[in-house]
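Below is one structure, written out as structure tokens; the observations come after it.
Note that the chains are named A, B, C and D in the order they appear, and that numbering of residues resets to 1 at the start of each chain.
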Amino acid sequence: MHETRIRVRFDEVDTMGVVHHPRYLVYFEVARTEYFRDLGMVYRDVMAGGTHLAIIEAGARYVRSAKYDDELVVETRCTEVGGASVMLRYAVRRGDETLATGFTRLGAVDLSGRAKRLPGDLRAKFSAVVETDPHDGRASRVQSGA
Amino acid sequence: MHETRIRVRFDEVDTMGVVHHPRYLVYFEVARTEYFRDLGMVYRDVMAGGTHLAIIEAGARYVRSAKYDDELVVETRCTEVGGASVMLRYAVRRGDETLATGFTRLGAVDLSGRAKRLPGDLRAKFSAVVETDPHDGRASRVQSGA
Amino acid sequence: MHETRIRVRFDEVDTMGVVHHPRYLVYFEVARTEYFRDLGMVYRDVMAGGTHLAIIEAGARYVRSAKYDDELVVETRCTEVGGASVMLRYAVRRGDETLATGFTRLGAVDLSGRAKRLPGDLRAKFSAVVETDPHDGRASRVQSGA
Amino acid sequence: MHETRIRVRFDEVDTMGVVHHPRYLVYFEVARTEYFRDLGMVYRDVMAGGTHLAIIEAGARYVRSAKYDDELVVETRCTEVGGASVMLRYAVRRGDETLATGFTRLGAVDLSGRAKRLPGDLRAKFSAVVETDPHDGRASRVQSGA
């Protein structure tokens, strides 16, 4: 499990005073970039090497709202590794509160967007850290039943 | 079923040349604003009346990518109406191709963010148009099992 | 002078209930895409032909605020054409009110970002429509004095 | 002069592989939030106290492009303090390179958007740090001539 700190920016908050819901997918993206860096994969270099990890499916459940200038922690986990895709799960916390949970299923594609196998070194790195998700039992069932 | 046309803007496309995935949630939002207008609910007026429809859960599956300047059609359907929430489902098409499908579950809240019952007039309008979703059988099962 | 209609989206409005100021630069971009289309230059095709019109300088003055769901008109004019760059000026109106004015100076670059001459056909099209700006005398002076 | 570090996010980069130009105005906003915090003004608290600093005018000159995952430094300076407004100037650097410069003129407004005097404590804090801008002589002339 990896943690990334994010300070909510003014432009991320909507007219209700809370972080606009699509922005959480951006937070997930920022968090996985740092997670990948921590695993020894700089995503900019992965792309330069000819692989993009495109989003196949994404989802989020919103429990409590985040406000401007809040300091959030995004927890990121890898919960499945396949031959061509990987599942990442996220929880956004503010102190002890969980504000949102979510997931992204990422598929390896080449730079023209064609699906391909996950390169061996990436697969090895994800396999070394894959874990089950303690936060989001329901979403796990959804995915395993899909 | 309601259709909204959206032209992909330059700022919505990422470095891979395709619409950045969180942007689809914004397209869903644009589409439901027009859907609501068509149903006789101007969302600006709904908010002025003290009700916000907050996102409780959202998800999307990405099948084909959209490119800069593409003309997209977002189909919107209401597939469930409850006492305090409503489920909307979306399909994003370009001509005959389906690029993505998704959903948002919306919950009525007051302007301080507290959950409340769906006002009767909104509930009546959604009830008059609720339908089953022909596009996204799997997601429907997911939701009905939740 | 060209006019583009834009409906303010929910995600474009900040916590003060008004359109967030950087968004006007996006409105200018949407407006010039339509202006270019009207002049017979589809910007997607211009890029496919190896030319990008990069922003060299941009500015905006904010007079009145725009709100969610407002229908805006963005007026676009070409006010200078040079060998390698072009100046566009914008006014954002809501009915009779001018909400903001602004400009972007665009420079031709190749797809690796290197500055180049404006292709002859683009230069001809801009030259055919270049005009002085009646709205923004001060900014014109600023630019001519630069 | 104050420095804020910003890591370029994937969603901030356009299809040309460079940071999309309106995003610099957001970087300026992130930078001034941290600058204000450093001066003892938490902007969230300033708003809670009934004052918003709205953008009256903004501009940027783009010299070199920033890329995904770059680490940028935004320098922020206060270069003018008036009775109702304040001028901030910015320079975005990557190592020794200056990528862009810009400014925002901010005007005090109440929470309904009506212009008002800058509260005395804010004015005192800005006055204590006001300086001339060494980076952007031309823009200074523009402003002083306005």
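What we mean here is this: contacts are C-beta pairs under 8 Å (C-beta built on N, C-alpha and C of every residue); 3 or more make two chains touch, one makes a residue touch a chain.
Remember, predicted model here, so these are calculated numbers, not experimental data.
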Selected interface, A-D versus C-D, where C-beta contact pairs are more numerous: C-D
Cα-centroid distance, subunit A relative to subunit D, in whole angstrom: 31
Centre distance in Å when subunit B and subunit D are each reduced to the mean of their C-alpha atoms: 35
Centre-of-Cα separation between subunit D and subunit C, whole angstrom: 22
In subunit D, residues with contacts to at least two other chains: 10-11, 15-16, 22, 26, 29, 68
Touch-based graph of the chains, sorted into line, ring, star, complete or other: complete
Residue ranges of subunit D in contact with subunit C within the complex: 15-16, 18, 21-23, 25-26, 29, 47, 52, 54-62, 65, 111, 113, 138, 141-142, 145-146
Touching residues (chain side subunit B, partner subunit C) in the complex: 9-11, 26, 29-30, 33, 42-44, 67-69
Contact footprint of subunit B on subunit D as seen in their complex: 10-11, 13-17, 20, 22, 68
